[in-house]
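Listed after this line are the structures, all set down as C-alpha cells.
In the two complexes below, subunit A is the common chain; its partner is subunit B in one and subunit C in the other.
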Partner chain A sequence: MPALRRSDWYDLARDLNWNLSYVTEDEAFPEVMSNNYGITPNEKWWGWDEPYKVSYREYVHNQHGKDASVYSVNSVIARSRMFEELDPGWKSAIVAHYGAIAVPEYLAGLGESRMGRFGRAAAWRNMALFGTLDETRHGQIQTYFPYTLLDKEPRMDWAHKALHTNEWGAIAARHLFDDMFTANDAVSTAIQLTFTFETGFTNLQFLGMAADAMEVGDLDFGALISSIQTDESRHAQQGEPTVKILVENGYADVAQRLVDHMFWRSWHVFALLTGLSMDYYTPLEHRSHSFKEFMQEWIVKQFLDQFRDFGLEPSWYWESHFLPELDWYHHALHLGVWFWRPTVWWNPDAGVSPAEREWLEEKYPGWNDTFGVYWDTIGDNLRRGEETKTLPETFPMVCNMCQIPVVTPAGFRAGKLESPEPQIHIHEGRQYVFCSEPCKWVFQLNPARFAGHTSVVDRFLGGEIQPPTIPGALEWMGLSPEEMGQDATNYAWAFEGFEAPGAAAS
Partner chain B sequence: MTTMRRRKARTWSLLGDVKRKPSAYEAVTAKFHYHFRRDPAPWELDPEMALNRWYLDHREGSPFNVDDWEGYRDPAKLTYKDYVTLQHERELYVDGLVDRFEAVDHAASYSDGWTAAFASLVVPLRFPIHVLQMASLYVGQMAPSSFITNAAHFQAADEMRRLQRIAYWTQVVANAKDASIATTEAAREPWESGEAWQPLRETLETMLVAYDWGEAFVALNLGVKPAFDAMTNVALRDLARRNEDEFIALLCEEFDRDAARSRAWTTALVRYALERDPALADVVNGWLETWAPKGIAAVEAMGPLFEQAPEPVAGEELVEVAREAQREIAGAAGVA
Partner chain C sequence: MALFPIQGIYQDDFVVLLVPIDTEDPMTVVAEKIAHHAAGVRVPPASGELRIKYQGELLDPEATVVDAGVPPLGVLQAVAE
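Moving on to the complex of A and B:
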C-alpha cells in the first residue's frame, strides 16, 4: 500500500485547468459539444468539485473484484436450470430490459466521453472518464449475460439488435437516449443524464429490479443489476456540481428547464419499461411494492429533496400532469402493449388473473372500473375462442416527442384528463401530435432539435413502410413471426376461475 | 413461453451465419455503433440538428473511411473486464514499486540538482498528459466502430493512470525535498508560460481542435503521442537512470507497456484501413505532414530541461528518440 492517502495528492491530479492560448475557448469547447449557457470565461467552471472521489488504482482494483464476482455468479448459474424455471412474466421483463437498456448503456459511454473531452473543468473530465469506462462495462456485461442465454431464449438476441431496428419501442428508446446523451452537449448531459436520469430513475430501475430479481430467484440478474448500480451511484454525481455552477452563476432557470425537460421524458419511458414489469410481469407473490409506491418512494421523494437542496422548484407539470399520471398512464400503456403484442420483442404478460386484479384494485382503487372492464372484454373474447378480436388491425397514433403510442382516451376514461384528445401543434406548416402538454412543451423549448424527425406513424402515412399493412409494418420493425410478442402464459389468466377452459389459441 | 426457433443460435443474429463461434470479446463489442452511417442521420432526432451534423461532417464525412470498420480488431482484444483485470495486476506491480522505494526513503536521496530537474520537467507533465487523455476520449467518441472506440477509451484511462502516479510521486518528493512543487502553480505556471513548454502546448491545443475523426486519430496516435511517449517513457527513463532515480526509470518502463498497447492498436487500425483502401495512405500521410513535425517541435523545445539535469540527456538525443519513434510507428503502420 502506498504510504500517502489519496487525499494527500488527489488535488494535484485534478486541478489541471489552464487558460488556452493557441486556440480560443469557443474552438476547443464549441457550443454544440459543450453549451456554457453564457457562463464565461471557462475559469468560472474550474471550481467544479465532485462529491465522490476515486483514483485510477482504486478504480481498477475495485472494478476487477466486482467483475470477477458478477461473472462468476453468471458462470455458475449458466450450468444450472435456474433460467428455465423462472416465471414467464419475469423472463419477459428481463428480455424487455436487455433490449431497451444494454446497448444504450454502452452509448451512454459516448455521452460520458463527451463530458470527458468537453467538460469545462478537469475534475469533471476525470470523473467522466470513469463514467466512460463504467458504461463500457454496463454495455458489455448486459450483452454478455443475455448472450449466454441465447440457446435458452432466442429473444435475447434483442439485447444486441434492438437498437438496430425500427421496432417502435427501440425508436422511443433511441429518441430519448439520443436527446439525453448521445446527441447532447456535455453541460446538458451532466444535468440530464447524470442528475436527472441516473440519480433519479436508474435508482428505481436498478434497485427496484434487483430487489424483485432476488425475490423471484433470478440471482444472475439480481447480481448484475446490483453491481451496475454501485457504478451508477458514483458517476451520477457529476450532475450535482454542474447544477451548482449554473445556480451560482444565476442560471438556475437553465438547470430547471433541463431537469424538467428530461424528467418528463424519462418518466414516460420508465412507465413503459418498469411500470409494466413491476405491476404486471413480476409474479404476484414476489411483488413487494406497486410501481406507484416505488415511484413515490424513490422518485417523487428524491426529486423533491433535490429540488429543495439546489433551490430548484418542482417541475411546472408536477401536480397537474405528473402525479395524476402515476395512477393511470402505465396501466393504459400495458393495455396497449398487450393488445399490440406482435409489435414488441418480448412476450407481454397480461398479469390480470383474478388474484392479480384484486391486487391491482387494492393498489390502484378504481382499477377494475377503469381498466378491468377492457380486460373483461378481452377475457370474454379469448374464452369464446375469438383471439383475432384481441389482436390489432390498425396502428395507434404515436406521440411526436416520446414516440410512445397516445393513450389519452384511457386517461380520460380514468377521470384524469379533461379530454380524450391528444395535443395538436402546428410548427412551420407541419402538424405534430403529442400525448401530453409536457411532451408538447419539450418540443416547443427547442423545435430545431426535434422538428425534422418523423414518428413511426408519420413514416407509415408518408409511404416509407411498404406494404402499408400490419404485416408490412412488422417486417419494417424487424420482427420475424417467431419474434413477435405473444401472451406470456398462453392466455392461462383468462381461464383461471372458469370451469371449462376453451381451446387456448397458440 | 419461450420463443421457438428452428435451430440454436451460435451468436447474435447480426453477426451472420458464422462458422466459427465469435469470441467473448467480439460478442460484447461487435456492432454496437448502430448509428454509424444510419439513414438519414446517426441520431433519432431532427436529421439536421447540431450533433447530427457534427457526426455527419466529422465521422461519416471524414476522408479516413472504409466500406466496413467492423472487421477491425484491437490486437489486445480487450473487453472492459480484461482491461481492468490487466491494469489491476499492473497497478499491483506499481503499488509494490512504490512500497519498495518508499521503504528506503528514495525521494530523500534526490540531489538538489535532480530535485530541480524533477520539478521543472516531471511535475508539469500532468497538464500535457491530461490533454492526451482528452484527445483519446474524442477519438473514442467519434470512432465508427466499438472495436476502435473501446481501445481509444482504454488509452485515455492509461493516460490518467500515469498522470496520477506522477501526481503521487510529486507529493512524495515535495514531502521529502521541497513542498513548493506540490501545488497547482508549480505545474501550471511552466505549462502556461515556460518557454520550453510552449511548442508542446501549442501542438496539443491545436490538436484538440482537429475534429475530423481520422485526423484526430492520426494526429494523436501517429504524430504527437509517439513523440511525446518517446520523450516521457524513453528519454526520461534514461535521464532518470543517469541521475540515479531508478524509481522514475521503472515507472517510465511501466508506462511504456501502455504506450506499446496504443501503438499496437494504432498500427493495426491503419493497416486494416490501407488493406481496404490503399489510397488512404495519402490521406494519413497528408495529416502526418502536419502533425509529425509538430510533435517533434514540441519535444525539441523541451531539450533544455533534459540538458539542465546534473547528468543530462542531450537535446539532439531527445529529438532523435522522438523521430525514431515516429518512424517506427509509421513503418509498422505501413505509411512510412
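Moving on to the complex of A and C:
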C-alpha cells in the first residue's frame, strides 16, 4: 500500500512548471511547434487542468492489464474459424479500417509527443506523455491483429501498407492526419485532434463499433476497439482545458476557427469510412441505427453540447452545408467507391439487395429515386453479363482539400445543392477544385499550408503516373490485380429477386 | 489536334469526371465523350439531343473548346435538350 493517497501528492508532482531563465519562451516553445495565439506569458497556460487524473504507476498497471486481456482474446480467436464465418461486408469494413487507421495511430503518437514536449503547461505535457504511449499501443495492436489474420485475408497487410502508398484513400487519410497532427503545432493539435476529432468523432464511433462488432460476432475486433476506446476517452480530454484557456483569454474566435476547420475535414473522411460501413457493409440484421441516426443522435448532439458549454457557436456551415450532407454525401461516396472498386484495397459490398434497399428507403426517404436509379442501371448491366460497363474507364475529379472524389452532382440531384458543379478557385495562377464551399474555405484560411499539394488527378495530368491509363494508375497506387477491390458478394445482390441467368434455358 | 482535359458532368449522374477530349472535337463529340462514361452505365441514356452547357450557357454544337474559350479542366455539363 502506498503511504500517501494519490490526491495528496498528485498536483504537486504533475505541476512542475517553472519560469525559464536560460532561454526565452519563444526558444523553448517556438510558434511552429506550439502556437500560443497571443496568450503570453506562458504562466497564463499554467491553469490548464485535465479532468482525468492518473499517475504513471496506475497508467502502466492499467495498460498492462488491457494489453494482456486483448492479446489473449486474439490468440484464442486466431485458432478458431471465427474470421472465416464473418459476413463479407463486415470483413471489408475491417480491412478498410485497418488500412486507414493503423499507421495514423503511430502518427498520432507524433502529435501526442509534440504536445508532450511543447504543451504549454506541465500537467498537459504529463497527460500527453500518456497519450503518446496510448497511440504507440494503438499502432502496434492494430498492425498486430491484422497480421494474425494474414493467412485468412492477405490484404490485411494493407494495415501497414496503405499509408505508404499513393492509393487515393490513403492520400486522403494522410492529407487529413498531416493537417490534424503530424504537421500541426501542440495547441492546435489539442483542439483539432483531441477536442474535435477524438472527443467529437472517434470516441463515439469506437463505442458504436465495439457494440456492432459484438453484434456480428467479431469478438477479436470488438475487444480491440473497446480497449482502444478506453485510452481515447482519457487522452481526448486534453482538448477541453486547451479550449478553456483560449476562451478565457478572449480567443474564442481562434478556438472556433480551429474546430470549424477540423470538424469539416473529419466529417468528410468519417462519411467515407464510417458512412459506408454503417449503411452498406454491416449486415442488415445487425444494423442498430443508420449512419444519419448515429450522426444526429451522437455526433451532432455532442457537438452542440460542446459548443454551448464552451461558448462557441455551431460552425458557419452547420445548417447550410453539414446537415444537408447527412442525407446524401455518403451515399454518393459509396456508389463511387463501389464503381471505382479496383482502386481500393478492400471489397466494397454494394449492400443494395431488395431488402437492403427497403431499409435504405425507410431510413432515407427518397433514396430509391435519387440513388436507387444508379444501382438499377448497374444491376441491369450485371444481369446482362456486361460487367465491363460497371467498371471505370476514367477518373473522378478529386477535391483539392479533402482529396475525396467530387460528388456535387449527387447533391444537386438530391435537391441539396443549387448546382452540380464543383467549387473552382484560382490561387497564384493555379486552378483548385473543391467538392464543397467549406473545403474551399479551409483552403482559404491558410493557402500557404495547402497550395503545394497535388491531388491524384493533378499528378495524373502532370505526367507523374505512367502510363497515363487506369492500369498505370492502379499500379502507381500500389494495387496488384490480387489486391484490387472486387464486389464483396460476387454480385449476388444484383440477382436476388431475379431469375438466375440461364436458369430458364436449361 | 491535341489532347485536352475537361471536367465533365453527365445529366443526372452523381460524380464529376475527368474526361479527355481533343481540341478539335465539336461540342457534339464532347457530349458523346462525357456520355460514354455515364449513359447506360449509371444513368439511363437521356432522350433528346445532348448539348454542352458551360458557365450556364448552351454552347454552339459545332464549336470546339478553343472556339468557346474553355480552359483546361473547364467544367462542361452534358444535358439533354
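A few comments on the model shown:
The definition used in the following text is that the second predicted complex is superposed on the first by the 499 of 506 C-alpha atoms of A that agree within 3 Å, B and C clash if a C-alpha of one lies under 4 Å from a C-alpha of the other, contacts with A are read in each partner's own complex, and residues count from 1 in each chain.
The definition used in the following text is that a residue touches a chain if its C-beta (ideal position, glycine included) is under 8 Å from a C-beta of that chain, and two chains touch if they have at least 3 such contacts.
Keep in mind that this is a model prediction, so the values were computed, not measured.
In the superposition on chain A, A:V457 contacts subunit C only, with no contact to subunit B. In the superposition on chain A, A:L284 contacts neither subunit B nor subunit C. More residues of subunit A lie in touch with B than with the remaining chain of the pair subunit B and subunit C. Look at A:M82: by the touch rule set out above, it reaches neither subunit B nor subunit C. In the superposition on chain A, A:V406 contacts subunit C only, with no contact to subunit B. When the shared chain is aligned, subunit B comes close enough to touch A:D179, but subunit C does not. Residue contacts after overlaying the shared chain place A:V73 against neither subunit B nor subunit C. Look at A:M214: by the touch rule set out above, it reaches neither subunit B nor subunit C. By the touch criterion stated above, A:V32 is placed in contact with subunit B alone, subunit C being left untouched. In the superposition on chain A, no subunit A position is in contact with subunit B in one complex as well as with subunit C in the other.
Interface of subunit A with subunit B (complex): residues 1-4, 8-13, 15-16, 18-23, 27-28, 32-33, 55-57, 59-61, 63-64, 67-68, 71, 88, 91, 103, 106-107, 109-110, 113-114, 116-117, 122, 125-126, 128-129, 132-133, 136-137, 139-141, 143-144, 147, 150-155, 157, 160-161, 163-164, 171, 174-175, 178-179, 182-185, 347, 448-453, 482-483, 486-490.
Residue ranges on subunit A touching subunit C, taken from their complex, read 332, 335-336, 339, 371, 373-374, 377-378, 381, 389-390, 392-397, 405-410, 413, 420-422, 424, 431, 433, 457, 460-461. Of all residues in subunit B, only 1-5, 8-9, 11-14, 24, 27-29, 31-32, 34-35, 42-54, 79-81, 83-85, 87-88, 91-92, 94-95, 98-99, 102, 126-127, 130, 133-135, 137-138, 140-141, 146, 149-150, 153-154, 156-157, 160-161, 163-164, 167-168, 170-172, 175, 182, 184, 187-188, 191-192, 201-202, 205-206, 208-209 touch subunit A in the complex they form. Per the touch definition, subunit C reaches subunit A in the complex via residues 5, 7, 9, 12-20, 36-37, 40-44, 71, 73, 75, 77.
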